[in-house]
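In the two complexes that follow, subunit A is the common piece, with subunit B as its partner first and subunit C second.
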Partner chain A sequence: MNKAPAARKGGLFRWGALTPLILALGFLLPVLLLQIYLSVHQWTAYLGPWWAAQFVGLDLFREVLTEERFLRAVARSFIFAGASTLLSVLVGFGLAYLMQDPFRGRSFYYMLFIIPMLTVPVVVGYNFQMLLYESGPVNHILSLLVPGEVRISWLGHPVAAFASLVLIETWNWTPFVMIVMLAGLVSMPKEPVEAARVLGASRWQIFAHVTLPLLKPVLVLTLILRFLEALAEFPKFWTLTQGGPGTFTETIPVYLYLTSWDYFNVSKAAAMSYVVLLFVGVIIYVCIRALLRQKRALDIMFAQEGSGR
Partner chain B sequence: MTRQTRRQLSAVARHAVLSLWLIVTVFPIYWMVATAFKLPEQWLAWPPVWFPSPPTLENFAQVWVGTSVVSSGDQVLPPISLEPLHGLRNSVVIAGTATLLSVAFGLLLAYGVSRYQILSERRMFNLLMLRMMPPIVIAIPLVLWYSTLHLLDTWVGMIVVYTIFTLPYSVWMTKSFIDEVPVELEQAAQILGASKLRAFAIIVVPLIRSGVVATCLFILILTWSEYLLGLVMTAAEAQTLPVQLSKFEGTQEGRQFGLQSALSIGVTIPLIVIGLLIHKHLVRGFSFGMIRRR
Partner chain C sequence: MRRRIFLKDALAMGTLAATGPFVPRKARAQDVQKVIPEPGPDELRIIESAKKLNKNVDLSFMAWGAHAKGQMEHLAAAFKKQTGIGLGSIVDIGFAALSQRAMAEALARSGKIDLLHVHADTVPTLATAGLAAPLDDYMKAAKFDYRTVGTFADMSRLEGKTYGFVTDGNCHIYLVRKDILENPDNQKRYADKYGVRLEMPTTWKEYLRQGAFFGSDPNTMTGFGSLRARRWGYWWFLINYYNHGLFPFTGDVEPNFDNDVAEAALEMYLAERPHVIRDFDNWGTAQMWPHVGTGRAYQSIYWGGLLPLWESPEKYPQVAGKWRVGVVPGNVLPDGKRLVRTIQAGAPLVVVNRYAPNLDAAAHLAMWWTSPRNSTYITGGPISTVHEPWRAEHFKDAYNMKVYTRPGLDAMFLSLQVNSPSIRVTGALEFNDLLDRHVSDAWLGVVKPREALKRVDADWRTVIARVGKARLKKDIESYRESMPTVDQPVVS
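Right, the complex of A and B next:
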């Protein structure tokens, strides 16, 4: 785009600008090496310094990979991320679709709709703890709707707790999907839709065969970012259930946290981290490749935006 | 049905759906605010108290100032061992400094990438890995590394991590603003004898000023609300507000919803205000500058 071929190398400036990044990566390098070290040594924090830990080879990896609890946590993480991503994309896209044409009150809705994603995650957790409390408003509303008094312990029941967390994550991040999809719908070229309408396509046909394909790059980006964020979600789990009841809401981050900071099994947690790192790394790599493919389309779609400032 | 009535009907339907979601969106926030103004006996009451009556400032006074505004009677709350002002100071210093550093470095890098391709597009995407990897995955060795460097529970330590982890966002977001500035302006300045850095400082920076401010505020939202790393890397000294808030419940007898809400409001309201101020740029921030709003 904005190339200045003569000054391509940038000389001194190049290195000046790159220094912070190189320092940052240099700072993180020992962390990754420590990770490898810890995962092949059995270190117990209170028994001695970490550099005197006993070498155990790949034992910890074998332990981790055959542990049912870990594999369940992995599966749960993916179900959580998948379900909450799907729900927030459905709701967020629906809202964006309803809001794509200007109407009175649009910015009012917009401003209020984005509040959940601006709320500090820990606060989100505590707010829903109050709402889902046994004598809280959710049970009260249900009591008014159905006969009898509803006193469900939402976070005490395995399925209800997990479903609640999925819905809370959906509540929290639907605004993200909404604002991204809205930006996509607004920036979409109008001519293809007009053309399809003139040719007599129905609303649904226009949506399925014109709008959706045009929005594909935006949709891909939304799905990827949302899914990866949901995989890493920790604060809401920690403030609401800490993995409970039992281990029914235990996802990868929760189990990793418990292993290292509650059970003090640092080495096992390091091995687990490494497995997750490689596993999620592959997923992220695939996602990044997909993003790279969509980047061109996005750049074209959002190109003539300079005047907006 | 005429076209007129059909249009009116669809407008009504639209408002109905949007209003429904509006209630779902706002209610949890309303409940936090309402609870913060409730007296202790209303916190857990059944049926729940929907409107605090009479509204009280007791919870705020108790949590933020540490004193009770009710001088006598049975409504005085038990004293709490919490220093939110200490947490507030930590949060302001850590989030504020990390934000400025992150955006400053990000801006420089972004300029280099936009104008001199100092990082290839592929590398720019690989930079996103830094952000997409769940932080818990490197939390353990990071804490060990930090304890070796004596950086645990310090401002400097927290500032360094937050700067590194928000760098991808600030690079991508500022780059999207710089890309919108025509390169010819700087070339003209350089022909007239300005150095690269000077051309950047006098031409580009003033043009993207509002974008830089928006980036700063966006990064501030991320650093202010970060929880996991704050939880594992701080103790008494450098604890940030969200971490303090999460520790609050554990130290108390029972559930002190009113106090918790009064604290929550203080933690989250600044971000809501900031977010609404930069609502136009939120899309750009969260999508790494790839999606913009008209």
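Right, the complex of A and C next:
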């Protein structure tokens, strides 16, 4: 008599959990299937309907993987994402560390620090374009700080343009890192830090051997999220450089945009997307494995501490 | 009561104070502003033909907002009164995204957009995609007179059919700083150094020499004020390329860049680099306009529509009244023939959506806008016009004369005669971008000029293979027809 409602409850729970998944799949699957279809057919949008496109098998994947332009775009994207992620994590973590204990005006600083993240990327792009002219405010301020007139072509010189984009991305997304890390720091158990302090550990030792290991899962998650976000960054590149000067800031999103919306070579763009998806998938897999390893290590550590007591 | 009167008076005074300073300026713009012209014979024929459709519709227009606002809206309202065909909505699209949105519409086939503003070089692509409707039957019905200076109208044609109408004579003219050119000290210094008189350049060699002379310290004055940014710079290379008597495709639909003449053209394009500031390497129009306007460029090749901006004492007192304008310099070919070629860049054209339920009505509104009298009304604007003259009638218009000045109109008229399109075949955006990409790298010095041209050829071959030679062969015929028919402009 009692089993029937329990079974009904279990069934309801299962369906409740499965329904969003089924809906998500139902929504995504047609797109993914269409993309697979397109990536094995040669469809150029203006040359005819997609259903009449010629089957080319894996030719487009081969073309993409052996294309110097694509591989260069991948390299630029990874360098950009890696550098901006590292910088924003370093600065963001630093800010979070400074902000973790209450102090007068903390809310004001918090608000101030998150402003960049709240700014629309396209607006960020246009604003920095104005700031970075050779005769613009940034060079003007630098000229006041150093002897002689600073005339760096921030967006005209290939290396400077790339570095500028990295710095702008860092400025834009450091607040995100700060918020996540701050949440991690605040929710961290206080006992291990207290214990280390009682045992006479220095601030650096506490940071390096207690805080950092405890924060590692949050840190790794932040790194993954930030890296993936940076890998997909498009608005700043498009508003600031459009892939230039020359081809020095042509990253994966820029090249994808050009391929699909300038060249209308939708099939090649689909193949490129899958290749990128594969790269990103591998990165996520490696990161999740690392995250799980960290979690297991922490679980063991806490279990040992628990049994020691 | 007294308080209400006081408040009313205060409000009136406040309004006057707030708007007062602008009234004279506005009035100045208004007093040269044209009123909607009375329909002439051409316009009456369009009205008659439109009335036969017996429609009462408000069409939608996807356009670069700056183009559609103002005169085009006024004219559409007038057309509505006469025929029942008007403009209901304008979908405002950024200039650089016109082609992408047009292609999206070609794929969607929604028919929700009746009229579209597109770049002239995308006509073959949009016709191939099935979006642009041929308008010849409607033109015949209304006996529509669609003529432009030079071969400008041919940019909207493909295989003998007309797929749209020009609304803007976007054509590059040549501007040089008169005050610097005519300065006696400069003339003496120049003559002493080169043994020739300093005068408005008529050859590219002289143009480059003068740019180098006056732009020897680019931090104070650049020799050249034309674009080199990624995605835009190649237009200026094409000017040099066409001036060498070259055409981008060979007779058997092969790319035509990997050769000595094209290399010479590219060397000419690259010769400006030491005499421009480094920001040029990635500057777009938005940055270049004020640069030229604040007097930091000795000479420039740019849209004629910028002349009112740079001649405006209110906007740019530094250079207003200091320009001499004309057609771009020319090149003497090995056979002794002098060739002058300039370029159309991003000329908006109105095309009609083949899938639009009111295709016929849309075609009539497009003709109405581009008819002789109405298009004259559209051209011009007080400052930085986006509707430059393109019909012979536009060059006789008193309003245009005020806006562009007589020398400005003459420069545009001459330039239109030798105006060439950018690459205009099916897949134009890809062809143009691939050309630009390698030319940009050559500009930075990342690759040698010849290597850049080799890469253009190699990349183009893959596009040619994808689009198909048979299709491109037909496009190329139309492309050739839109090239100038005269070697150099004729002053009439």
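By our rule, the second predicted complex is superposed on the first by the 256 of 309 C-alpha atoms of A that agree within 3 Å, B and C clash if a C-alpha of one lies under 4 Å from a C-alpha of the other, contacts with A are read in each partner's own complex, and residues count from 1 in each chain.
Criterion: a contact is a pair of C-beta atoms (placed from the backbone, for glycine too) under 8 Å apart; a residue touches a chain by one contact, two chains touch by 3 or more.
Keep in mind that this is a model prediction, so the values were computed, not measured.
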item: Touching partner for A:K295 - first (subunit B), second (subunit C), both, neither; value: first
item: Residues of subunit A touched, compared between subunit B and subunit C (which is higher); value: B
item: Touching partner for A:S153 - first (subunit B), second (subunit C), both, neither; value: second
item: First, second, both or neither for A:A81, with subunit B first and subunit C second; value: neither
item: Contacts of A:T44 with subunit B and subunit C, given as first, second, both or neither; value: second
item: Which of subunit B and subunit C A:Y263 touches, first, second, both or neither; value: second
item: Overlap of the subunit B and subunit C footprints on subunit A, listed as residue numbers; value: 133, 261
item: Residues on subunit A engaged by subunit C in the complex (per definition of touch); value: 42, 44-47, 129, 133-134, 151, 153, 155-158, 161, 241-248, 258, 261-265
item: Residues of subunit C defined as touching subunit A within the complex; value: 99-100, 103, 106-107, 125-126, 128-129, 219, 229-231, 277-284, 287, 426-427, 429-430, 433, 437, 440-441, 443-444, 446, 463, 466-468
item: Residues of subunit A defined as touching subunit B within the complex; value: 1-4, 7-11, 13-14, 16-18, 20-21, 24, 27-28, 30-32, 34-35, 38, 50, 91, 94-95, 98-99, 103, 105, 109-128, 130-131, 133, 135-137, 140, 143, 171, 175-176, 179-180, 182-184, 186-187, 218, 221, 225, 228, 231-232, 234-235, 238-239, 252-253, 256-257, 260-261, 266, 269-270, 273, 276-277, 280-281, 284-285, 287-288, 291-292, 295, 298, 302, 305-306, 308-309
item: Subunit B residues touching subunit A - in the complex, by the definition given at the top; value: 11, 14-15, 17-18, 21-22, 24-29, 31-32, 35, 44-48, 50, 105, 108-109, 111-112, 114-119, 121-122, 125-129, 132-142, 144-145, 160, 163-164, 167, 177, 179-183, 187, 196-197, 208, 210-211, 221, 224-225, 227-228, 231-232, 242, 245-246, 249, 255, 257, 260-261, 264, 267-268, 271-272, 274-276, 279, 282-283, 286-287, 290-294
